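Paired with chain B in one complex and with chain C in the other, chain A is shared by the two complexes that follow.
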Partner chain A sequence: MRIEKCYFCSGPVYPGHGAMFVRNDCKTFRFCRSKCIKNFKKKRNPRKTRWTKAFRKSAGKELTVDNSLEFEKRRNTPVKYNRELWQKTVEAMKRVEEIKQKRQARFILNRLKKGKQLEKEEAINEVKKNIHLIKAPHAGKSKQLEDKMVQQLQEDVDMGDENN
Partner chain B sequence: MAEATLCAKHNASVSAVAAAIQKMTRVRVVDNSSLGNTPYHRAPRVIHVYSKNSVGKVGDRVLLAIKGQKKKALIVGHKMPGSRMTPRFDSNNVVLIEDNGNPTGTRIKVPIPTHLRRMEGDYSKVLAIASSFV
Partner chain C sequence: MALYNFKKIMVVPTAKDFIDITLSKTQRKTPTVVHKHYQIHRIRHFYMRKVKFTQQNYHDRLTQILTDFPKLDDIHPFYADLMNVLYDKDHYKLALGQINIAKNLIDNVAKDYVRLMKYGDSLYRCKQLKRAALGRMCTILKRQKSSLEYLEQVRQHLSRLPSIDPNTRTLLLCGYPNVGKSSFINKVTRADVDVQPYAFTTKSLFVGHMDYRYLRWQVVDTPGILDHPLEERNTIEMQAITALAHLRSAILYVMDVSEQCGHTLQQQLELFNNIRPLFANKPLIIVANKCDVKKISELSEEDQKVFAQLSAEGISVIETSTLTEEGVTQVKNEACDRLLAARVETKMKGKKVHDVLNRLHLAMPTKRDQKERPPFIPDGALTRRRAMEVDTPKRKLEKDLEMELGDDYILDLQKYWDLMNEDEKQDKIPEVWEGHNIADYIDPDIMKKLHELEREEDLKERAGEYDSDEESEDEEMQEIRSLAKQIRGKKQQLVAQSREKDITGPRMPRTAKKVERKELEKQMGDLGLEMDNKDDSHYAQQARRSRSVTRKRKREASAPPTSKVRSQSASRPPRDQSGMRDTKMVKKAKKMMKKSQRDMNRQGKKGEADRHVFDLKPKHLLAGKRTSGTNDRR
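Here is the complex of A and B:
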């Protein structure tokens, strides 16, 4: 049993899912769902259809070259069965998957950091441009202080009058 | 429409298929028999389908008219989408057969669907000469 890759979206095709098409040059195409089959029949190029993994990898939006991805490459030489090797492989698969997820997530995080920086610069530019719409934090403080002083003086005068 | 000249060409049609293989369908012989591979000015055509409803699917026997003679054949792939877990082919493929079920050719290079193994009927000889399975 093998989990194949969909030709169009590169998603996993589990047993019992999807369909297969054999072209006259004997090349077989596996698809995970009818969405991919319909797009294929429309002769769309997966490297240009934005939601596919093929596009994302070719456009540099996802991790392409990495040691953890080497494990997934297909090898055409069969390996002699060895129980310990099998068990170790299962353990290794779990660990490799963990590392791969972290690295992929890290790649995307780094890619999106630039966006945050640009956002900040944009915000600064916007403020600079529209500074005339913003009230300065110290605006009106001097008037407020003056009023307060006047009020204080008034109160002192009233107090003085009372005492007299 | 495909014009069969001295060498039968396969013009790819992109319209959806309604019924798999019936009378008068032009088929592609995929084994290496001389009858199937020598050029003729008319493509091999189905003239009778040996099934209850005259529609040929994978594993059905048909009668072909090739080079002016009648010959039995076995369907090994068709353009019509069938059950989800069976492959769909880009041409209607057929393997020439004798009356007792023995294949006429000695090798089949085109991929043969594996569900032929599980079908009722003796296809062991045809499966034995197939080089690849799909």
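Here is the complex of A and C:
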């Protein structure tokens, strides 16, 4: 029993699900659901269909080259069963999965950092250009002027006192 | 070749069926409608056609029967003799002869009546002639009823004959009834012949096939033969005799030493001597069966002498027991070897072999030194070859185990697995974990790789790759963000307001709508300006002075204006100055006005709405050769 990969969306095909298409040149295609089958029949290229993993990997939206991804590889020569090896493998799998998830998350986070930078700049720009929609340019100016005048008068009075 | 046809003979129908088939075919396949008033030649043609069609049908079918059934002279003498024994050659030939005669008679009848019909002068007469013709043909056939029945039975039996190839390598088993011939064939081949304690269990020839030295061998089991002269033999025994006589094969004469078959050793030996002439030129082996009950060494002196005599003559005597299977393989091997040798000898004596001999040349390399270089045969091949020659005790099969345990038997193929640790054979092997196939991760170096990965991960963590870089933004940035949010909200609000406007009716300019003082003060207050105590501001004063609301004023003497025109113009600023704060603004407004008018004036347009095109197809743009360029200018 194996969990296969869908040819179109690269999702898991569990046993009892999906369909397989065999072409005249003996190449088999497995699909996870009719959505993928229909897209395949329409001759759509999975590398150009945005929601598939193939697109995401080829467009650099997800982690592609990494050591943690090298562990899961389809091997063509079967290995004889050995309890110890199997147990070790299962534990290793768990650890590798953890690390893989961390790295994939970090990759996406880094990718989206630029967006945050742009957001910040846009906010600054917005405020610079359209501040007049919420605050008139000389909103607090009259008060300022008053205060200034009061200050000036005070200073004059002080100066006068000093002279005297 | 001859075998092939026996199964392909067409079914011979009974006389009644034959007639029915042909007549209904005539009715269906020929035209059915004819009237009195047709022209006479048409009527004649119609009935002649029917007669000829029926004759044709009968002729075809009978010819087919005649050709399908094998001619006894044309087939292998073994089959010819067998058929004679089973079906009586004379009867067979007679039946076929009768069919042939019937065919000719039918042809003649049809010819006569067709000739007569040429002189039929009415529909009635032609019809009667046709009836007579068909009736006669059918009667002829009715008379053949017994022949056809006989032929059908012959056909059925013929198709069920065992397919014995008379020319290939064959082993023939013969002897008294109940000596163990059928058990022998059951042991040696995959045949499943009936073995019962009564005599004449096998009533006809049976064939089994086996392999030896990479060749296919036929083993033919015969019914038992009793000791009486040829003329007194019945059909069953005759089949055995026929096989003995015609098949060029190795003969295995089976004897029962323990006399369990009901006949003494002397009787068996006498029978052997009687049919000895049939064994000429054929490799012969005497099989002393049932040796588990009695061995030759346990016999009396005289009997042992007889056997010794036989061996002295060059006929090998081998003891076997089909029950314990000892000696069976030995018999088989020896018979096959001797037959092969005999066949090769005859072929060598023939003419055809010379062509082949020229091509058979085994080249041996010349010895270059004294070193012996024997051929290398791997051990497995040697053991296998040895096993072929000797009966090895078969290893215990799963089938035997199942028989033993009965209901308790559980099929457990995992016990045959070849693992490094024996006690892991019954383990349930995990295949999938959390959507991943474990088989994809299996690697003898997986722990090493995992260590490296963990080290890498450590390094990365220490280098700070996984730190969250959420620099807390300073207050200024936060303030900017909140302001930006407010700005966006306000923009959306404006858009929503604009969408909710009521756009029915003519589009009036903004100045046509009166702005409420309260509204203005509220908006400006929202923008942060101080709007209290604005009673003596310009706009408030103007609002009081405005004439839009006609109020009944008390007529009282007012101060006379200095100049009527001046007073009016003084109360209302000129349009190019209303709404302007200062001269700078006035200048800018004027500039904007002039700028927007400039383009229109240059193109000689009357105003904004003048979209008239004087020249829809200017000649300078559309005429002339074009190499490259646009249509805007040329």
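Structure notes:
Just so it is clear, the second predicted complex is superposed on the first by the 132 of 164 C-alpha atoms of A that agree within 3 Å, B and C clash if a C-alpha of one lies under 4 Å from a C-alpha of the other, contacts with A are read in each partner's own complex, and residues count from 1 in each chain.
Note that in this section a contact is a pair of C-beta atoms (placed from the backbone, for glycine too) under 8 Å apart; a residue touches a chain by one contact, two chains touch by 3 or more.
Since we're looking at a predicted model, the values are computed, not measured.
Placing chain B and chain C on a common chain A by superposition gives a fit, with no clash between them. Applying the stated contact rule after C-alpha superposition, one finds that A:Lys120 touches chain C and leaves chain B untouched.
Touched residues of chain A, counted separately for chain B and chain C, are more numerous for C.
Once chain A of one complex is fitted onto chain A of the other, the partner contacts of A:Leu153 are absent, as it touches neither chain B nor chain C.
Of the two partner chains, chain C is the only one touched by A:Ile134; chain B is not.
Of the two partner chains placed around the shared chain by superposition, chain B is the only one that A:Val22 touches, whereas chain C remains out of contact. Look at A:Arg74: by the touch rule set out above, it reaches chain C but stays clear of chain B. In the superposition on chain A, A:Arg95 makes contact with chain C only, while chain B stays out of contact range.
In the superposed model, A:Ala59 makes contact with neither chain B nor chain C. When the two structures are aligned on their common chain, the gap between the nearest CA atoms of chain B and chain C comes to 14 Å.
Considering their complex, residues 1-3, 12, 67-68, 70-75, 78-83, 85-86, 88-90, 92-97, 99, 102, 106, 113, 120, 122-124, 126-127, 130-136, 138-140, 142-143 of chain A touch chain C. If you check the complex, the residues on chain B that touch chain A are 10, 77, 81, 84-85, 87-91, 109-111, 132, 134. Contact residues of chain A toward chain B in the complex are 16, 18-24, 26, 28. Contacts from chain C toward chain A in the complex involve residues 417-421, 424, 427, 429-444, 446-447, 449-450, 452-454, 456-457, 465-466, 469, 477, 480-481, 483-484, 486-488, 490-491, 494, 524, 526-530.
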